[in-house]
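Shared between the two complexes below is chain A, which has chain B as its partner in the first and chain C in the second.
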Partner chain A sequence: MDLTTEHQGNQFTAFLSGQLKYQDNTEFRRLIEEINAAKVRNCVFDLSQLTAIDSAGLGMLVIASDNSETHGWEIVLRGVKGQVRKVLDLSRFDKLMTVIPDPSGE
Partner chain B sequence: MVVSNQAEILEDEDTDVFLFEDEDNDDDALLFAEDLEQDEVLAHPAADPDVDPEDAHSVIQDDAEPLRSVADAASELDERTRLLELSAIQDKSLRFLMGEIEGTSQDVEDTSASLTQRFSEMAVSARDLSQVVQSLSDDVMYVQVNDDRISTQSLAEGLMAGLEDFFKKVIFLSSRGVKMSYTLDDMFKVLEKMQQSIGEIERINKQTNLLALNAKIEAARAGDAGKGFEVVADEVRVLANSVNELSNDLKSQTTQVTEGLEGGYAIIRDIATVDLSDENIETHARLKLMTSGFIAQGKAVTEALDRSTEASQLIERQISSSIVELQFQDRVKQRLEGVNDAIIRMQQLVQEAGPDADAAPEALSPDFRQAVAREIAAVFKLGELRDAYAVQFGLQAEHEGSTSSANASSADDDDIELF
Partner chain C sequence: MVGSLLTKSDFSTTPLPASNLRELGVDRVGDARVLLIEDSSFARKTITAILSNYGFDNLRCAADGAEGVRMAIEWSPEVIITDLFMPVKSGFDVCKDLRRLPEFHETPIIVQTSSDTPALRGDVFEAGASDLITKPINARELLSRLIVHLERIRLIDSLKAYRNQMREELDAAKAMQMELLPADNLIAQLEQTYPARFAWHSQPCQGLAGDIWDVRALDENSIRLWAADFTGHGVRSALNTFRLNTFVRTREVNPNQSPEDWLASLNVFLCDVLPLGQFATLLCCDIDFAAGKVKFASAGAPEPVLRRAGRHELIDISGMPIGISKRAEFGVTVRDMGPGDSIFAYSDALTETPSADDPLFTPENLVCSLDALTCDLASKPARLLSRLMEVSEKGLDDDLTLVFVEWQEGAREEV
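Showing the complex of A and B:
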């Protein structure tokens, strides 16, 4: 996984690209701690460049959701498509957080 | 007076009786009556053996004596004898026809009884069929699970819900696994610090050892006065060595703990990671499609079975209506009985009011009687009926020999019975 972040006022945006897998858990944990420390109200995970995700990746998103509840910020997944979208549909992530599919409709 | 009355009756009865015959035959009969009244010699085609080969074979005479036409035979008789003969023929013919009517009525009764029986059986079968189809429809729609009847619809939905639940659990497990590795990361950090601390101990211990060595040298230089210091310095060195051993043990133990935790880390990675590649997702999608296909198929089968049930019920209703309509046979029977009763009454009246029967001995003119009988016999299209009628008038012997060949020929309509 490659990661870049933006922080402006109450808005935090994380751009995730490549594949989100188990070995990224350390980096992902740092990201969550960074968001918690930023004390923002909204956080967008931009997944438009994310090509694949495994169950550990889904687990990390669940941990992000847990943290958003304990630290008081809203989580939004944006630009999901391809395999990532299929997996999120399949595991009904829309019940857990706001999921916005990629406008291309893939 | 009496004679003319009888003639009227004859005409009326002829018409009545022939109501049960074909129109053409009826016309023949009327023509026949006219022939008699006008006393004319008319060569009826049916009576001429040379003209009609069909008639010829059924009325062949052994002595080859030419058959006489009705007109020929009638010309030899006076009017009274002729009327008596006709009355006798009519009486005999009516008896024969009444027998036929009774027989036919009985046939219709027997046939409709057996039809009713068969239709009743068919109705029962149709009812059984619709029940079987109904239960089959239930079998398709429901699955017996222990003591519960579960509809296939909810079974499939339950399957999908179970699958979704399973997915949720996998994700929950993965997230706990990731959290567990966070905890392990924290423990690795503590272990790292422990190892740093052990290094610090080793560093301090080296200094202590060095200090003890220096103290021993200084004690030796001091001579006897330093003897006590030398003992202390030795003890300090022994102590430093013990600490060194202890820190070595700690070092190897923390290394073992680190290795063990690294193994645990690999195990947790295996637990947390479930392959969600496209193939696995496709498998799930196919399963979903199969399940919905299964539900759709079940519905289609149920609909087909429902239609089948409706069809069976329709058949059952139609058969029931047919059975009701078969009771029409009773009316046919009553009407035929009415006809017979009227004929019987008519005969009684004729006997009471007609000429004295004793004055007309049996067959005053066999020629005339047989000529008329042949004419009437020719009316019957059914060979069986024609033969039976012929026997009544003693014509049997005349064409008995040809009966078997008559069956083989296409002269009569007996073949109809085959259909």
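Showing the complex of A and C:
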């Protein structure tokens, strides 16, 4: 996974690209701590450049969702498509967080 | 050849330096078995004095190469220090003779010589020496090199022992995990009781698997097949398969509990026992041979395939994996099923090899591949596996489970 972030006022955006897998565990936890510390109200995970996610990656999103509840921020997954969208659909992650598919409809 | 350049500091009473590798199983080295092969009695005495002064008290000496090889075989020293030019057998031959024996492939052999030319050094190492020190012997250099080699060899031994122990324990754990899967006699019994035939393949990617599946009788007309895949793989996921298995096996089968309610009960259990971020996907299929129906319930498992009247189709069913949220709800999809039809359940390794974003089998082309797979049921798992192995030379990245259950043709009236 490659990661870049933006923080403006109450809005935090994390742009994830490549594949979200078990190896990204440490970096992802650091990202969540950064979001918690930023004390924002909203956090968007932009997944439009994310090509794949495995079950450990889903686990990290679960941890993010849990942190969003305890630290009072909203979590939004934006631009999901391809394999990532299939996995999120299959696992009904729309019940846990707001999931916005990529407009290209892939 | 005799030669020694000793200074007062070589005979200081400094004790042997304590090893800093103790945590790795390398403790004090003074008790090491050291064999000295040296034809000069003066040099033998000198080196013995140096080493015993530094605390090496387990030293034996041989006066020529042939005696040295003999003693080495009898005594198995941890380190050998040998002279190069000696009667009967030279240091070159000592190295060559010992290296031919498997038990001496890794034993450090330190060669000491008074002539030091690049060509000679090359010859010495080519013969199998581990190290070379030049005469006159510098006591502290000898000591330092001896300790380096001893620590290295003891570290290797300790790592080998650790690895062997881990391998034995993993093998034992793997055998225990295989026992969680349906035994051949259980399958045979089900195949006699119901008009069903099974074909399956389970393969951990790292010795232990996070995948588990099972099939049980629900009542006289129905069976329940389920397959689960825990996050990750290896030991942690494998331990979770034991948790789930214990929960499932210690509860009485309730034929009136629908598959989605059964999933909900597993979900509550796993939410209580699993740490945050760990969960399982699970597919449950209840086949009722009397009603000619199959009920599917899914917790984020890959979409199962139903073969109905010779055509395969993906069953569009989803659900949150179990162990994430107690609020999760599960749905059910009911389909007709009859003689000759079959169900295929699999873990995501099938549709994520060689990579999740460019797999050999997408769920969609898996259906076409299954349509084209006309071999008998028993060969199907192996055929799919061999196609996967063609695209993953280094082996699979994830645990693989493939389970086919087929309603035997012409057997309906037996129910």
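Methods note: the second predicted complex is superposed on the first by the 106 of 106 C-alpha atoms of A that agree within 3 Å, B and C clash if a C-alpha of one lies under 4 Å from a C-alpha of the other, contacts with A are read in each partner's own complex, and residues count from 1 in each chain.
The working rule: contacts are C-beta pairs under 8 Å (C-beta built on N, C-alpha and C of every residue); 3 or more make two chains touch, one makes a residue touch a chain.
Small disclaimer: the values here were computed from a predicted structure and weren't measured.
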Task: Touching partner for A:Thr26 - first (chain B), second (chain C), both, neither - done: first
- [ ] Considering only the touch criterion stated at the top, classify A:Ile35 as touching first (chain B), second (chain C), both, or neither.
- [x] neither
Open item on the list: For A:Ser91 in the superposed arrangement: first (chain B), second (chain C), both or neither?
Closed with: both
Open item on the list: Just to be sure I read the superposition right, which of the two partners does A:Ala56 touch: chain B = first, chain C = second, or both, or neither?
Closed with: both
- [ ] Indicate the residue numbers of chain A shared between its chain B interface and its chain C interface, in ascending order.
- [x] 22, 52-56, 58-60, 62-63, 66, 83, 86, 90-92
Open item on the list: Quick check: in the complex, which residue numbers of chain A touch chain C?
Closed with: 19, 22, 51-56, 58-60, 62-63, 66, 82-83, 86, 89-93, 95-96
Task: Residue ranges of chain A touching chain B (in the complex, touch as defined) - done: 21-23, 25-26, 28-29, 52-56, 58-60, 62-63, 66, 83, 86-87, 90-92
TODO: Write out the stretch or stretches of chain C touching chain A in their complex.
DONE: 229-232, 276-279, 281, 298, 300-303, 318-321, 324-325, 327-328, 348, 352, 355-357, 363, 398
Open item on the list: Under the definition above, what is the set of chain B residues touching chain A in their complex?
Closed with: 164, 167-168, 170-179, 181-182, 185, 269, 272-278, 281, 284-285
